[in-house]
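As written, the chain order gives the labels A, B, C, D, E and F, with residue 1 at the start of each chain.
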């Protein structure tokens, strides 16, 4: 499947923190660069996510903000 | 300012594509790893964004989806 | 690609309204039931969207609100 | 109330899955076509949602992505 | 219509900045406190928005971030 | 840090409702005008939020909808 979201960052699952409804999935997209996603428990199970698995962190460009110090 | 959004990815502005209302800002967050943000023209001007400037790509963890091949 | 977004509604492109930066894509997901997406012009071109093409309208469950009369 | 969100899909509550903070509300918008919303428990109570109730699934067009196989 | 979005801030349209696809609507929700919304041109027309009109700024609680100095 | 989100509404934390994964933070931005944010528990802890603390409610203008009666 190809999707209109502009950002599909390839990476590896580093950690999954289990919650009651949602889980936190930490994805390493480059050495020392991590992205945290909060997705539903059922999505984690459906995609059989586990540490070390290759995934994409997908973000719409309109959901990315820019900040400066 | 510190913000509740979980992801603040440090990077450098690589390209700014000017639009009528919104501009596309491409940010390099690691060698060969880019994130595209669409923000309003006035935000680009207020923060005086230009190529080479150090910025953060800020994304709420609930706005990050996970995908697998 | 499989994605964590819970809603992937199969449908057909009914109309594409071209804008300067974004295009409006109207998708018929059932007889008389339409969903409108606003995506970037480049996404429309990359996926070669045109009227009649089979697509999915993808929405995160946390982006769906519920209303009553 | 009339709202600027472009998509207001009329349907019927098919299932409500109770969570600790959020509930999952499955809405049938056409025969065999379901949309899942995650909204707060208090919203479910305030609107007295229950199976069979007529509701709208409301989604901003900028929150709808398009995907192809 | 009653909606699951938690924040419905009553206010008055102070300014509408017309764009090509989207318009910027500035809403005064308390003396000196303004909220800016970007909505589609067609929504502005459908709701016949104009300066001085009474409106609500509607925001899902999951779309509100918190920041500190 | 300066951020591209257009709305940064200064206010005071009025109430924090603790959840399992997320907390609800009610912010008073003007006399009698409240905004509710749902953010992760870890964000509340990292920013040491408590009742009476001065904060900003930050919202992207594209996440603000407009409604009329």
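Throughout what follows, a residue touches a chain if its C-beta (ideal position, glycine included) is under 8 Å from a C-beta of that chain, and two chains touch if they have at least 3 such contacts.
Note that the structure is a prediction, hence the values are computed from the model and not measured.
Visitor: Stepping chain to touching chain, what's the minimum from chain B to chain E?
Guide: Step count on the best path from chain B to chain E: 1.
Visitor: Which chains make contact with chain A and with chain F at once?
Guide: For chain A paired with chain F, the chains in contact with each are B, D, in label order.
Visitor: Taking each chain's centre as the mean of its CA atoms, which one is most distant from chain D?
Guide: B
Visitor: Which chain has its C-alpha centroid at the greatest distance from the C-alpha centroid of chain A?
Guide: Checked the centroid distances; the maximum from chain A is E.
Visitor: Calculate how many whole Å lie between the centre of chain C and the centre of chain E, each centre taken as the average of the chain's C-alpha atoms.
Guide: Result: the chain centres lie 24 Å from each other.
Visitor: Between chain E and chain F, what distance separates the C-alpha centroids? Give it in angstrom.
Guide: Centre-to-centre distance between chain E and chain F: 17 Å.
Visitor: What positions in chain D touch 2 or more of the other chains?
Guide: As it turns out, chain D has residues touching two or more other chains at 1-6, 20-21, 24, 37-40, 43, 47, 56, 58, 60-62, 65-69.
Visitor: So that we know how the chains sit together, what is the shape of their touch graph: line, ring, star, complete or other?
Guide: Per interface graph, the chains form some other shape.
Visitor: So which chains end up touching which?
Guide: A-B, A-C, A-D, A-F, B-C, B-E, B-F, C-D, C-E, D-E, D-F, E-F
Visitor: Under the definition above, what is the set of chain D residues touching chain A in their complex?
Guide: The touching residues are 19-22, 24, 38, 62, 65-69.
Visitor: Which bits of chain C are touching chain D when the two form their complex?
Guide: 3, 5-9, 24-25, 27, 29-31, 33, 35-39, 43, 47, 49, 53-69
Visitor: For chain C, which residues count as touching chain B in their complex?
Guide: Residue positions touching the partner: 1-5, 20-21, 40, 60, 62.
Visitor: Please output the residues of chain D touching chain E within their complex, sorted ascending.
Guide: Interface residues on the chain D side: 1-4, 6, 37, 39-40, 42-44, 46-47, 56, 58, 61.
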